[in-house]
Amino acid sequence: MINAGIIGATGYAGEQLVWILNNHKDVNIVYLTAHNYAGMSFDDVYSNFRGFINQKCIDLKEATERLDEVDVLFVALHQGGAFEIAKEAMKKGIKIIDLGPDFRIKDVNCYEEWYKIDHNAAELLDEAVYGLVELNREDIKGKALIANPGCYPTATALGLAPLVKNGLVELKSIIVDAKSGISGAGRGANIQNLYCESSESFKAYGVTTHRHTPEIEQQLSALAGDEVIISFTPHLVPMARGILSTCYAQLKKDMTTEEILDFYKEFYKDEKFVRVIDGFPETKWVKGSNLCDIGVRVDKRTNRVIVMSAIDNLIKGAAGQAVQNMNLIFGLEETEGLNFMPMFP
Amino acid sequence: MINAGIIGATGYAGEQLVWILNNHKDVNIVYLTAHNYAGMSFDDVYSNFRGFINQKCIDLKEATERLDEVDVLFVALHQGGAFEIAKEAMKKGIKIIDLGPDFRIKDVNCYEEWYKIDHNAAELLDEAVYGLVELNREDIKGKALIANPGCYPTATALGLAPLVKNGLVELKSIIVDAKSGISGAGRGANIQNLYCESSESFKAYGVTTHRHTPEIEQQLSALAGDEVIISFTPHLVPMARGILSTCYAQLKKDMTTEEILDFYKEFYKDEKFVRVIDGFPETKWVKGSNLCDIGVRVDKRTNRVIVMSAIDNLIKGAAGQAVQNMNLIFGLEETEGLNFMPMFP
Amino acid sequence: MINAGIIGATGYAGEQLVWILNNHKDVNIVYLTAHNYAGMSFDDVYSNFRGFINQKCIDLKEATERLDEVDVLFVALHQGGAFEIAKEAMKKGIKIIDLGPDFRIKDVNCYEEWYKIDHNAAELLDEAVYGLVELNREDIKGKALIANPGCYPTATALGLAPLVKNGLVELKSIIVDAKSGISGAGRGANIQNLYCESSESFKAYGVTTHRHTPEIEQQLSALAGDEVIISFTPHLVPMARGILSTCYAQLKKDMTTEEILDFYKEFYKDEKFVRVIDGFPETKWVKGSNLCDIGVRVDKRTNRVIVMSAIDNLIKGAAGQAVQNMNLIFGLEETEGLNFMPMFP
Amino acid sequence: MINAGIIGATGYAGEQLVWILNNHKDVNIVYLTAHNYAGMSFDDVYSNFRGFINQKCIDLKEATERLDEVDVLFVALHQGGAFEIAKEAMKKGIKIIDLGPDFRIKDVNCYEEWYKIDHNAAELLDEAVYGLVELNREDIKGKALIANPGCYPTATALGLAPLVKNGLVELKSIIVDAKSGISGAGRGANIQNLYCESSESFKAYGVTTHRHTPEIEQQLSALAGDEVIISFTPHLVPMARGILSTCYAQLKKDMTTEEILDFYKEFYKDEKFVRVIDGFPETKWVKGSNLCDIGVRVDKRTNRVIVMSAIDNLIKGAAGQAVQNMNLIFGLEETEGLNFMPMFP
């Protein structure tokens, strides 16, 4: 059994982690931390867990003192939250899977510019690996510090990888227009995320300034072997879960939709969590699963390719991918605990 | 392995059956029927199943001819839909679990009065058992024909059973005000269930005429050992899944909320799928599970007891309960394939 | 022109008041107050008002100092919020329309018991009138202090008045099962009202303890000329606006649905804002209007009558009714500024 | 008084027309037609109209025979629906405002290619004018046949016009990623638009093939004085009303967000229905109004400009704009009957 600690268990990503790990046959959840709910039973915070988990949430300090009890630590905090605990855990040889952004960006300056804080654990960046399994699988195996990708970068990089890695598109032409459900904004008590403020409406936010921009660019640049600069525009959809990323790029040569589709199907043919489809992805068909659905179309009139990729932001875009990474670094079957079907309706 | 056939697999209840059975370690789905989608691959009807199930749907005629291939038949059709197939299956010794209403009402006249059709399989009614497991468990074991309860009756009978069975309330005083998500209306292409017509609105329907009324009364009467006549008012909630049943009854003697709660906790103490809670049930905490959450309050000012029970109408109110029945009649662990947690958010 | 001040303009009821009054041909909005947004332009708080209203919100202190500028003061604050400003305004002969609860309950002890605060303006209670126009019209005319009814009491009292006033039902038998959209919970930043927490779910709340209970009872008792004690259970519907109140009562003698319907149509035949309908009310058909739709059914099997009434909680249940009261006390046409149609879809 | 006939009054755009015209002080609605509801009272189809309009819907044949009774005919039908009635009406000198696509595309071949039907009234195309008032106002005045713009083209052309008309962007670089509420799909009883199928999900549709593509291109080309070919991707948002169009284009020279914003504010400074805002548009702030909110950002890293424009698809994108056109051609104040504020929440 793998003994796991979860730091930040009462955010939505944390809660999904508990949900997945509680059914994972090789994992034992040792403790859960919560900033605002320390001392409360987890199933009093999330009553869906009544009868399943009634551990009391502890605070970060106690979790740090009890590091020896765990084999792996999942950290689901905001920027800056993972620095100290990661240092402590690494010293003790404990695996870290960070669902926050602290170890995703390799360039410290870039991190500090976009996240507006100092990076206090830069010495660990070399040991960190970007945990987008389908694209970095071999690099991840054997690593101790996993930077679990952001939700938008997961959908977007999976959508664009086949094109970018194979030089099929103009790197300067990439535009990513992405849309997320409201759980992506977290569980904070903000007026703008109230039902009455966010239902029955649609908006863009963070236009030209969203922090997932350099993360997407870093990953695409690595695939392309060349610098990629994109335009990235996130939007908020009145639904709880799901991301659809609509990506545009100029083809370098004429290709048909069928050719590109075949190419994608070949690219992902061994992947259990990627489904290349002939039609258009809908977030409902991946909701509650670790899947990514991808569809493509060539716009012959402009010679652009349009790629649409759909994930559940809380699973493939957060907790599910974290468990996928854990499976990988502990030598388990990659799908272990993750082969549940999307739930509909 | 139990070989199962599903008749009516492409309605919402049918789809949930496939979803559950596909993960049930003791079940093999032999065939799926669909009236409108015969010949289509199941995952073309419900794309969440892509990569999991790509069986072609067959029609009812073929299913009838291939009855010998199955051990159990789930029937998820409208009233009248189960008569013929049930007769055929019973002749061959195949277990039937009918998710429709055809074998729920013991009194043929009552059935015909409320459902407005002739009952063409009345000879089977004696062999049928009402499959509300928590209340009829011993009767169900060993039976071949299970009338799987309706969604409202499940929530309501579980909510009221402790009171009614123990003579704590005036039987003539019971009022049931129930609320259901829109999936309860099925997958038919009706204007009134369009997003634009049913979102952001709330209404009652079928007031004094809903067909679940005699079913609830039959079950409560059996528990009480006396005739129970109720007022039942269903409402439609702008959400996909979930039922909350709010029940009112006059207490025969003074009791406190605490006394009633204790009584409920004792009544359901061995049940895996019923959670008696101190607070008020919310459908979100049972969504995607086979659970029923129950809360109670005594209104001291009127000496009424108010019982609230919440289920997922498609699982505990349909497909999950059907599988629970199957587990029971095949001698499996009752929770087999059903111990998944509610999904939130 | 009537010069109006609005205290608490940035809550949802306040915002709707501004929305209505801004189009009212006889009203000039002199000032708006906001606790949290003082100093901000109103259209920065609610951007739908861009291009229509860019007054800066002021604080309560300034509003109090500038009382002489207004003819009428609308107060849309929580309990206790209206005591001081009402005293000041009454001294100066300014009309007060209080959308909060402070002057609704005639019995000070009852107010203090349910609202858990001292009533610091009890001397004004005699001068206050309960502003449910359809039921108290003549009492309201000429009054200076209007207690604008709560949202649930408005829907419920309009629904039950014909029965209660004419002695058609057993007074001890009344049960009110009411359902409200989430705007009823206000604009506070509470986790439970976040989109992800309140969408796709349904629950009861405040069971046996909701503060609208004594208000409904007071109004029904006044109509009946006898004490009425009810059971009242509010629920939260995943929609922004709307209330449906489903009321149950035992008929004293046999009556048919048609008889009751005719009786209701006669009772409300001169009312511009009440529509008695043959079918079942749906909140969508009154959304964005000052209307109340009422439907009834007799349950012959139990001799109960079931009354359903639907309003827009923010308009007929708050701001619209407040303007209706203003029209009445200023001698304007009662429908002035209020005859807009419901908006659908 | 202007006597108006409405052809296709029971679709969502038609219903909104009735809603607006019923409050328009200079308009008398002479008749309403409905294909599926002929003979039914309009308020039985849309119960929000109870007490406001109880005219019986007539059929198209009767409307054609009674053309002499009207001064203006609004046609809200699918492609091909306006050909015959427009010919009849034009002969009689009756003004036509067609909310469908039949007279929007000047090039018959282009129309026939995208709409897959023959154009049977090509002789009228020269007399038709594209009714996007803010951009074609002078051309519209005095015209008899108005092609009321599509919903996506309205939002998109208003958003891009200042850039395109002034040669600020590369014409080949324009990408339009648009998102619409579900009312845009009409009131047809399609499974995909059921609540359970379209809520809590997001998808693209009609990628590279949507019929609004040539309409947008025609309008942008006219503004640019040069051919514009775009990529256009529409998406479906789980909300009833609203469109947000996110547009991307390469700037020809370096400009800042502030410069572009100033330029937009100047461009639209006399427009009553366009609000250029410093922040990001949200559809909720224009819901229920004839407004268009526009925001812009320059992405300095790529030298792209991103324009976001929000409208209510049923009002500015359909019925409201139709009335705006009517006001214009009848010499009324352009805002007459249209200066209602957005409704929130």
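Read from first to last, the chains carry the letters A, B, C and D; within each, the first residue is number 1.
FYI, contacts are C-beta pairs under 8 Å (C-beta built on N, C-alpha and C of every residue); 3 or more make two chains touch, one makes a residue touch a chain.
All figures in this text were calculated on a predicted structure; none of them were measured in a lab.
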A-B or B-D, whichever has more C-beta pairs in contact: A-B
Same or different contact residues where subunit D meets its copy subunit A, judged by the half mark: same
Between subunit D and subunit A, distance of the C-alpha-averaged centres to the nearest whole Å: 39
CA centroid of subunit A to CA centroid of subunit B, Å: 37
Between subunit B and subunit D, centroid-to-centroid distance (C-alpha), Å: 46
Of all residues in subunit D, the ones touching two or more other chains: 12, 183, 196, 199-200, 238, 240-241, 282, 284, 287, 345
Arrangement of touching chains [line / ring / star / complete / other]: complete
Subunit B to subunit A touching residues, read off their complex: 12, 15, 19, 22-23, 46-52, 183, 199-200, 240-241, 275, 277, 282, 284-289, 291, 293, 314, 340-345
Residues of subunit D touching subunit B in the complex: 12, 182-183, 187, 189-191, 193-196, 198-200, 238, 240
Of all residues in subunit C, those that touch subunit B in their complex: 172, 175, 177, 179, 181, 196-197, 199-205, 207-208, 229-231, 233, 235, 237-242, 244, 246, 248, 280-284, 287, 297-302, 304, 306, 308, 310, 345
